[in-house]
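You will see two complexes here that share chain A, one where it goes with chain B and one where it goes with chain C.
Moving on, here comes the complex of A and B:
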């Protein structure tokens, strides 16, 4: 190559580099073209956990909104959603299909603890980002160093349980605690957080813990045992349906313990469903980190207004369903990362930004919460606020509690 | 003692749920000598129909009989359209067809009605009453009472009417029945219609407790199988007794057997099925098994 040709080539490369900020001509990794970024997702849109399926549609609604504003540096996001029915046996082939046939740039917001665990090794071997998985299982933040292509987003379950432990120790120091938990990684994660958080008080305060299987018709038997063991404080570490059932059954037993409900089931719609079935849940405690669309205090909030504008892009999404604002909020973080990556849209760079350089104020999260990662901390959200159910709605209590650094 | 009583009562309550669906399984077995794996899904779908009717403003007491009637016709239509072409096929073919039907109906329900759990109205109060210090809800007791009424009706129909006799004959010995002038194929269809109607009653009764969604009956049907097998799969009374025994056994095993807890409840149900088939294949009230001719 002569010097003149080399100069011309250099000019072309520079032109290409400049062009990428407004249109882009250089594809920098699999799944990226001059005008498109391809993301993949698996989620349960049918099956036992189908209620979560709307999250992916809400995420797509945010991407549609961003695309309508010109996309990210001229590239539009294309989002491929596949239904794994909450069944890891389906998550694996569907994820391989997205990676090998669709050639996605990254997997985004795949849902389910077992499901996402089942593809973690594969995605890490293939060096495909598994970003912002929709599960609070502590392992997705804690074990980052052995899975550098995987990252969670929502607060880890153990951190949430630590907050409950603090609340109990402070407000009910003589509580006799009964725990109902799902007999898998998710339920045990919550239980471990509670035991760790109570410290040396755990063995005396927890009078009994009973597990249930997702396949059982009702947790009535387990709750009767907790009642008989004399518990006056009940933790319900359960997905939505058994949670609703539990709340109704507890009242049915003429029992009025202090009730803690985990964040994965505390959507206001479900709490109201429990009330309609006879449950007396005034005073129930949970935590929140996302703005509740049904809470009137956010009516004139800019973030909530933006959410309502965004969610209008999804015809099947109920704007008042808390799962949808979750989807929009996590999609916001994804767009944030891709925007920061700018013209360096390689999988490695995107992963680096997501796992160690996040410092985001997300308009859909409670004021004061930041989405943060550093080279030594890979839990993006670690702040939550205690909420209490009174008069048909959740009410924020106290101030934001920061659990950063408490999970070793 | 109070804990024991509470576990027994709560077991009887779950047992009532299993019994109500087991009755439908017994009916279909009496009609075609086979169980219908889609029974639970058909019951769920009928419940969604009732839910839709009530949601459109129809009175509960009009929606209930109307849904049962629709379920009856629906059961007959399914038999005519889906089962009849394979009526004389090997048993395995029929089993696979009903399994496919279960998946199809589940998917259709998800498509039409979505997967959010919904509160279904109940004619019984959500209040509970004390029985020697243990609590039982009116809803639970109502499910058992309704199962009892359905049991009596099914029993009278099968044992005391000519149609019932013809149905049983058609299932036991189709060739001989045909020679006697019984329209065997229509007896099968009638069996499907009746089982579907009984299933609809079951779905409508248990929906206020289990919350209505497409997967509502998926685990119930396994316990219902255990109940029907335990009671003797041909016997309606056996199904109800079997249901109550399964409900109570599962609870007591979970409470008092070390290591069972809440995790292995389903395993207890399967253990009951296996134990009955090994030790007493005819169940508690069933007659000696006969081969399909």
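Moving on, here comes the complex of A and C:
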């Protein structure tokens, strides 16, 4: 037996010798080398929320653009995108893989409320920045003090719902409201904002609220119930696929309520897709904070020209898809933070700048909207403008509404 | 020493396998240990499936649901009632085994096709059922568990052997899975070689004949179901501890399919098969969705199409190939290749009996 065991042992020892190697570099923190910054991302490129997948590709297109200009202080950004199919059960191991195996410097723009909530504890324990999550759940700004390594970017859902509530109270004071919402933290956040915004009137104005599961095939039965309960105003708090389905189903029920569409599904490309499947959506209301690539008023705008140049770096991206300009805009903020960090590229410093020292005019956002954080305010974007769908396009209504300070 | 020298060849293979798996965490990163822990977890549940499908001939498309029962039992006990996590593993196994046993009773009246449909229904409703008692299961939010730290003795033993840093929680969970997997594989091996195993195989090959020979058909069939669910429950418990997170979407319908495909590809009716099945079930989705993306020579468009259809297509294609070329799975393929090689090396006749091999091509 001796020689065989010895051979096995020798094999294992040799495997061990090959396995361990570490290079001494001038890195200032994990994921930073003299010529590279490594960022990680999880997003749904397949599954129910596959429509969002293009965001990460657009972000990568912006990083490619920055890299072609010489990178950030000589360091090029490498961006690792993993598909979690909008399923937290996949987000958890994939995030762990990016942090422990790929050794990313930070997680950037991970998508999905439930998904990002499920890795927040882990990333905060590991002290890995979870920057500019692609979800507007209010908790990501509100609970910063208990999760100092996590920060949102887009306007909080509750703030957006407050704007809808004001709009309803002002323009449709006798509305009978029916709410369709996704059965998770994302849908409930929108719903809470709406109820808070309506105040005392909430209990009388909301005639019914129905939830759908993200894994279900269609929200048809929920909409039929809302219709039967006599709602004349419908809030669709849903991701793109069920939103498009809902708009078509509402028309299919020979029902013509006032429709509110949430900002996470309102890109013109998908509204047109809903129209193609038979939906009548003239007069639908939503909010915007990013320049709409299909809006002719931005044709000669410098920001839009830059966007078109950037998005050409992505062969699979549709330049007219509003999700792509979202990706480019949030990547712009990320590059801004890394540039400001300069030579002090530690995770703690980057987190400090992002969470309390942002004061940025982002060329891809509506004029007048700024990306701001201070030591007491961790909601980067807090301004939005009401938009209405008329004649096959969104049109900006009124002026920019600032919700800063309204969420305690 | 004479005993060691005369030990059958497969004992050497087993010893080699144990050494490789025991030494693995010292050679790979902590994160990779966790990945291999999940491989072992899949191997355990596929072993259970193998006892049911491979040895007793009953088909189950609901093993993802059994895993969910085990995982939620552990998650709820640890998170809500602060029960020691090691204790929750047998509890989860026994509870799931009980569920499986009772499901096995109506299954007695169903022919294989309808049994497949019934268990499939179980897999479909389980994620929705989990969402309902929100106070207990935390609904769609899922339950997060803190990582389990290794006990001091294990930590210092590991550091002493490797001379490196202390054991991480991932490495500890790997060893936990390894010990449980080794024990359950040993149990399965003993079951199939003895009376219950022969009874199960007799039922699989001919129910009437088995009954005529005095085998308690109903008893053994429900026993197989319960035992199989026990394995799945233990695997589910380990899965909850290893990943530290369970949600209803952790156990979709597709998981049950993946497990069955893994069992078939590994090799039904063999003890080593589930290990190959576990490796396959864990790595295939990861490779088909991540590996292709990193290959620059594959055009973007093709890569994205491949990614969208990803694991499902690869599963289908591989399953067809296996059915055609290796109906007994990877283990069957390896065994028949070994047999052919040996007969080629030894020449025309079998050395001991002088018989010609049945396949003239090997001459």
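By definition in this document, the second predicted complex is superposed on the first by the 382 of 408 C-alpha atoms of A that agree within 3 Å, B and C clash if a C-alpha of one lies under 4 Å from a C-alpha of the other, contacts with A are read in each partner's own complex, and residues count from 1 in each chain.
Note that a contact is a pair of C-beta atoms (placed from the backbone, for glycine too) under 8 Å apart; a residue touches a chain by one contact, two chains touch by 3 or more.
None of the values given here were measured: they were computed from a predicted structure.
Visitor: Let me test your reading of the model: by the given contact rule, A:245 touches which partner, first (chain B), second (chain C), both or neither?
Guide: Only chain B is touched by A:245; chain C is not.
Visitor: In the superposed arrangement, which partner chain does A:48 touch: chain B (first), chain C (second), both, or neither?
Guide: Once the two structures are laid over each other on A, A:48 reaches chain B alone.
Visitor: Now for A:207: first (chain B), second (chain C), both, or neither, which partner does it touch?
Guide: Once the two structures are laid over each other on A, A:207 reaches no partner at all.
Visitor: If we overlay the two complexes on their shared chain A, which of chain B and chain C does A:89 touch? Say first, second, both or neither.
Guide: second
Visitor: Just checking: does A:315 make contact with chain B only, chain C only, both, or neither of them? Give me first, second, both or neither.
Guide: second
Visitor: So in the superposed three-chain picture, is A:100 touching just chain B, just chain C, both, or none of them (first/second/both/neither)?
Guide: After superposing on A, A:100 lies in contact with chain C but is clear of chain B.
Visitor: Identify the partner contact of A:225: answer first if only chain B is touched, second if only chain C is, both if each is, neither if none is.
Guide: The answer is first: A:225 touches chain B but not chain C.
Visitor: Just checking: does A:401 make contact with chain B only, chain C only, both, or neither of them? Give me first, second, both or neither.
Guide: Neither partner.
Visitor: In the superposed arrangement, which partner chain does A:273 touch: chain B (first), chain C (second), both, or neither?
Guide: After superposition on chain A, A:273 lies in contact with chain B alone.
Visitor: Which chain A residues contact chain B in one complex and chain C in the other?
Guide: 45-46, 50, 183, 213, 215
Visitor: If we count contacts the way the header does, which residues on chain A are in touch with chain C in the complex?
Guide: Residues of chain A touching chain C: 1, 4, 8, 12, 15-16, 19, 45-46, 50, 81-83, 87-89, 92-93, 96-97, 100-101, 114, 117-118, 121-122, 183-185, 213-215, 315-316.
Visitor: With touch defined as at the start, can you tell me which chain A residues reach chain B in the complex?
Guide: That would be residues 45-48, 50-51, 53, 183, 210-213, 215-222, 224-225, 227-228, 240-241, 244-245, 248, 252-254, 269-270, 273, 276-278 of chain A.
Visitor: Would you pull the chain B residues touching chain A in the complex into a rising list?
Guide: 2-3, 6-7, 10-11, 13-14, 17, 107, 110, 114-119, 126-128, 130, 135, 137, 208-211, 213-215, 218-220, 223, 250-251, 254-255, 261-266
Visitor: With touch defined as at the start, can you tell me which chain C residues reach chain A in the complex?
Guide: 1, 4-5, 12, 16, 19-20, 23, 26-32, 34, 38, 127-128, 131, 139-142, 144, 243-247, 249-250, 252, 289-290, 293, 300-301, 304, 307-308, 310
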